[in-house]
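In what comes next, chain A is part of two complexes: it sits with chain B in the first one and with chain C in the second one.
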Partner chain A sequence: MEVWTYIQLGIAAVFQGPDLFAIAGFGVPVTPIMVLLGFLLGIAVGATPGLAGPMAMAISLPILISIFGFSPDALLPVMGFLIGIMKGATIGGAVPAILFNTPGTPDAYMTTLDGYPMTQAGKARKALKIAHVSSASGDTFSDIVLILCAPFLAVLVESYLDLPEKTALLILSLAFIASVIGNSVGKGLISMGLGLLAVYIGTGEDFYPRLTLGSQTLAQGFPIATAILGVLIIGEVFKSIEDLWHDHRRAQKRPSYTEVGDQHVHRADLRRIAPYIARSAVIGTAIGALPGVGSTLAATLGFTTGSRRHATKSPDATQFGHGAPEGIASTEAANSSVSGANLIPVLSLGIPGNAAAVFLILAADSIGGFNPGPSVFKFTSGSINPELVMAFGLFTIMMLANLFNWTIGGGFMRVVGYMIHIPKHILLPVVLLLTFTAIYVQEARMSAIWFAVGFGVLGYLMRRLGMSPLPFVIAFILGGKLEETARQAFAATGGDAWFLFTNPIAAVFMALAVTVIVFSTRTRKEPAQ
Partner chain B sequence: MKLALKTVAAAAFSVVLAASAQADDWTPPGPIKLMIAFAAGGGADTQARLIAEDLEAATGWEFIPEQVTGKGGMNLAMAIKDMPNDGSVIGMVVTETLGYNMRAADAGVSPSDFTGIATTAGFQMGVVSLSSKGWNSFEDVVAAAQAGEELRFGVMSPRLADLAYLLGKAQGVDFNIVSVKGGRAVMNGVNAGDMDLGFMAGIQGKGVAAGDLVNLASALSEPLRQSPDAPTFADLGVEFNSDGAFVFVGPGGMDPEARDALAAAIGTAISTEGTKSNAMITKAFGGPFIQTGDALQQRLQAEYDEAGALLQAASE
Partner chain C sequence: MFTGSTTNRALAIFAIAAALLIAIGWVPLDTDTGIVEKVRRQVTIGDALAPTLASIFIGVGGLLLFFQGASPADGRLRLANLRYLALLIGLLLLSFAIMRWAGPAAVALFGAGESYAALRTTAPWNVIGYFLGGTILIASLIAMIEGRPSFRAFAIGVVASSLLILLYDLPFDDLLLPPNGDV
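For the complex of A and B:
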């Protein structure tokens, strides 16, 4: 089977899938509609401070699965919706940042620095348009890199890495994620350790369930949805409710600004911002390809490198932080180009790098029939590899979402500005209710709700202690795989206990894992001194 | 008076009628919870869900599928054990769950704590390798191992790990036995070169037909349908085999009426040509294999009893 055949099959899987409804005899396939709905929802969610893309993905996933079921037909519509949300939220986050000086998503913080001054100067609509163009370009660029890189990386991994090396690679990824997320290596490692501890309850290969204290409720282990939604979403809601408690007297009226002058983005404007977009897109893509680093750092790096260049190249123009369109472009291109590249480790290694990727893996896991990892990109002779068709289906979905982004994204973005007016004391209970409903829909037993509340409290405590919950979640997802691969490597090497060190590539990975932790501890200490 | 007598007689008759109708036509007290011991989306899970769909269409009963996975079906067994035994809760496992796994788990239960309802399909369990390995028979594998090649043998359950060990022992070679989750993982491992050979329970059919994979041996008591020339385990000097089937079970002491009604409905659904489950079982597992009632219960007990011998042999 040739690559070209798979591309055609992937596109066909998206557009010739089951029909949602028919107009004048022509069936409207369900997947593109789901991508569109997800994309629009994503923009609205991104534009609402207090909500974020991963949150919406988390809540939609169980509901989508209960609608579409576990059949292979379900995969593309569900993934399409989730990818739509992911992409929509990226551009949506810029809306409140520009209009109200409140970033909708954490990585849009840098956008406020130039976006809000432009709004104050009466250029709100122009700022939004620039944000949209930059975001859409960064995103598209990153997707193209993903489509070109993921298959090759996967094939490379599969042909050079044996079971011991794969085990070492998982350990290296966990070490890397624990070290770079959050502001303390120690806390990152604790968070990761807790995640591993939680996932090892009730699992394992023995017939007797481990670490359950004899309880039948724990024998199946914690359902993945309760741990992830609990720590990521419910913990965040608890924390926000507490913040709300502290802040509620400080409510202030938002000033409004009238628009002044020309709001169009002209060819000259595009020429001016293009170099900034290009530079930031490359930065964002490179950062996105590393698991765990995330879009906030990409946005910061994009903004600072753009700022430096701007100060030297055009010292007379409006500088970054004072309402420079280039500032918006640098930030938005950088944070948007993370999302596509972040899927490189997901598709080629099965390792998620951020919260959005976590939910994509979760979707693939729950529905079944598609296991992100090296086995996806196997070009078989004779028969068709259905997972590879799915992979090309996903690429098609991403390009389709980009198309929606370029065509209607900008327009829709300008109408969701009112989402900022939704008060948090109404929003948070709704999110909480939806999350519990989503968990119950998927697990259908009351103990799942209690697990989720428990993980919510854990997530809240972690946030109070300044500990990022993301290493916990990623460890929870990778823990099972790590144990399995390690056991298999041990068995495959004929019971060699030193399999991680006797093999050169595995030994290098292990050395890197230690280096990453030591190095990050050092560099974090220096500024403190 | 006459009228009163007539009324009583009529009432009594209608009660009898209703009772006999009930005997012919058992109806579940409410929606039936269907526990599935297999990961969502796999072949076994799909089979269970398709059977439920066909049953819903044929009988009007309502099924609520639920995943209760892990521990080779033992999690399901322990969960279903104390559920109501009026037919409102059933579960799908493999016979191995109530046999080897229950024996090895030593969790204080035995097949008599469960009610066997019906088997649906057996496995075409073969020992499979990539044909690009160049092995045409199991002798070639033994020769490779004797020449010093370290061979990795993929298995998907502890019972199969024991069988792989005994197979090596009977042939005088050592395998590095790698256990993974599910038959698909064995196939992926063999395809990716992480393993040299492994057990596959029917999933190899397409690959064997296409010439990518080769059945080196049958792990059953009889030859494989697809490769009748491959030796059985008995031919290779192993006195045990991996015979087994997918089976619906309920809590112990189930009302025979409920059990038989469910078994009959399942049997009809999977053996009627044109149903979704029949098509799926024929394609993936080589056709339905139905065993019910006391024969099934005895089979489950026998597998449990024989598991002791296998555990003993493999620990020597």
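For the complex of A and C:
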């Protein structure tokens, strides 16, 4: 089967899948509708301070699985909805950042620096339009890079990497994630070690389930949903509730804004911001392709790079941080271009790079029939590889979401400004109950809720101690695969205990893993001295 | 009170101690196979290797953290944080206890001799626990944040729990709200 055939099959899987309803005898396929609904929900969620895309993805997943079931037909509608949320939340985060100086998502913080001064100057709508154009451009660029790179990277991995090299690559990825996320390599390693330890409880190859302390409940292991939702979502809600508990008496004035003068984005404006968008899109895509490096860093780098260029090229214009449209463009293009590129390690290596990617892997894992990783991109001769059709279906979904973004995203962004008025202290307890309910309906046992509370406490403590929970979650997801690959590699090399070092490529990966830890330790130490 | 790098050092010592305890105590005592196993003259990786490596990561992380300098983003854990956590866990335990036992208690009192297990998919018995537990959870958390209990918080709890029942229970026969999956 040729690439073109798979592209056609992928597009057909999206547009000729099961119909949701019919208009005048013509069936309306379910997947595009789910992408649209997810995208609109994502914008609303992103525009609500206190909520985030991963939260909405986590809560939606069990409902989606209940609607669509576990059949192969379920994968594209479910993933379409989740990808829609992921993309929508990125642009939605800019809305409160620009209108009310409150970032809806952490990566929109830099957007406040120029967005809010523009609002204060009466240019709120123009600022939103610039954010939208920049975000949609960065996102589209990033998706094109994903579509071009992921299959080639996967084919390279399958062609050149055997079991020892794949084991070493997993170790390198974990070492990289533990080193680059957060402010401390030590804390990253502790977080990763805890994630590995948690996933190894109650599992193993022996008849006796390991590390169970004699408990039958632990013998089944921790369900993946309790660990991920507990540490990522419940831990964050616990922390946010405490912050609100301390701040509840602080009087909060309801923000408002007025618009003055021309709010259109003219061709001249686009020409001015285009170089900043292009530069930031490249920065964001490069950063997004590295697992674990988030959109906040991309936004910061995009802003800093753009700021330097602007100060040199246009010293007389409004500078970054004082209401420069170029500042919004640099930030929004950078943070939006992370989302597509973040799926490069997911689809080509099976390694999630951020929280949103974690939930996409969780969805694929829950539904079955699609295991993100290099084996997806096997171009079989004669028969059809259904996973490859799904992969091209996902690419189609991403481009469809971009189409929605370009056409209706901007308009919808401008109407969700009211989301900031939803009181956080009412929203968070409801989100907490919703998350516990989502966990229970998936697992159908009370022990899952107790585990989720335990993981929530762990996530809370991690946040209070300045430790990122993401290495924990990614190690939890990859731990089983790491052990399985290592067992197979050990057996395939005839019980060679040094299999990670006797093979040249594996040895290079291991050396890189040590280097990235040592290098990160040194670079973090320098500012502290 | 802990501050900055003191918290880091305490965390580092805890991590190193935990890693030693896991690697020397827990893993050898609670796994049946060792680091490597010899089965029919073939050497394979045992179940103890992976968790031992996990403990080594925790220990190395602790060591690196111990010698790391202070940074503004270090984070702090105060006694007030632990007090909040205890209060929060108390509220969750109370809510989940109500969620778990309110339905069976209602059936025992008014269920005409039926067992809860027999009625766990029958309205209104199947939603009594979730409704009461969910309402208490939401109302008590809002009251905690606002610093006082209020009718408004209770009303929000009632509305939100009811909406979640409508969202999960009414349209899907295969979804079971807590505690109906394992009673």
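Please note the rule applied: the second predicted complex is superposed on the first by the 527 of 529 C-alpha atoms of A that agree within 3 Å, B and C clash if a C-alpha of one lies under 4 Å from a C-alpha of the other, contacts with A are read in each partner's own complex, and residues count from 1 in each chain.
Here, contacts are C-beta pairs under 8 Å (C-beta built on N, C-alpha and C of every residue); 3 or more make two chains touch, one makes a residue touch a chain.
Not measured: the values here are computed from a predicted model.
Visitor: Can you tell me whether chain B or chain C touches more residues on chain A?
Guide: On the superposition, C touches more of the residues of chain A.
Visitor: Report for A:H264: first if it touches chain B alone, second if chain C alone, otherwise both or neither.
Guide: A:H264 contacts neither chain B nor chain C.
Visitor: Who does A:G193 touch here: chain B (first), chain C (second), both, or neither?
Guide: The second partner, chain C, only.
Visitor: Given the touch rule stated above, what does A:K313 touch, chain B (first), chain C (second), both, or neither?
Guide: In the superposed model, A:K313 contacts neither chain B nor chain C.
Visitor: Is A:H322 touching the first partner chain B, the second partner chain C, both, or neither of them?
Guide: neither
Visitor: So in the superposed three-chain picture, is A:S375 touching just chain B, just chain C, both, or none of them (first/second/both/neither)?
Guide: first
Visitor: Please indicate which partner A:Y208 is in contact with in the superposed arrangement: first for chain B, second for chain C, both, or neither.
Guide: The answer is both, since A:Y208 touches chain B and chain C.
Visitor: With both complexes superposed on chain A, which partner does A:D162 reach: first (chain B), second (chain C), both or neither?
Guide: So A:D162 only meets chain B here.
Visitor: Is A:P429 contacted by the first partner chain B, the second partner chain C, both or neither?
Guide: It touches chain C, and chain B stays clear.
Visitor: Of the partners chain B and chain C, which touch A:A491 in the superposed model: first, second, both, neither?
Guide: both
Visitor: Once the two structures are fitted together, what part of chain A is touched by chain B and by chain C alike?
Guide: 205-208, 444, 487, 491, 495
Visitor: Write out the stretch or stretches of chain A touching chain B in their complex.
Guide: 70-72, 158, 162-163, 202-203, 205-209, 216, 219-221, 366-369, 371, 374-375, 378, 380-383, 444, 484, 487-488, 491-495
Visitor: Spell out the residues on chain B that touch chain A in their complex, using ranges where they run on.
Guide: Chain B residues touching chain A: 39-42, 45-46, 49, 64, 66, 68-72, 74-75, 78-79, 101, 104-107, 150, 152, 158, 174, 176-181, 188-189, 191-192, 194-195, 206-207, 210-212.
Visitor: Can you name the residues of chain C that touch chain A in the complex?
Guide: Contacts found on chain C: 7-8, 11-12, 15, 19, 22, 26-27, 30-33, 36, 42-51, 53-66, 68-71, 73-77, 81, 84-85, 88-89, 92, 96, 100, 130, 134, 137-138, 141-142, 144-147, 156-157, 160-161, 164, 167-168, 172, 174-179, 181-182.
Visitor: Considering the complex alone, what residue numbers of chain A touch chain C?
Guide: Residues of chain A touching chain C: 62-63, 66-67, 178, 182-194, 196-197, 200, 204-208, 210-213, 238, 241-242, 244-245, 248-249, 425-426, 428-430, 432-434, 436-437, 440-441, 443-447, 449, 453, 457, 460-461, 463-467, 479, 482-483, 486-487, 490-491, 495, 497, 521, 524-525, 527-529.
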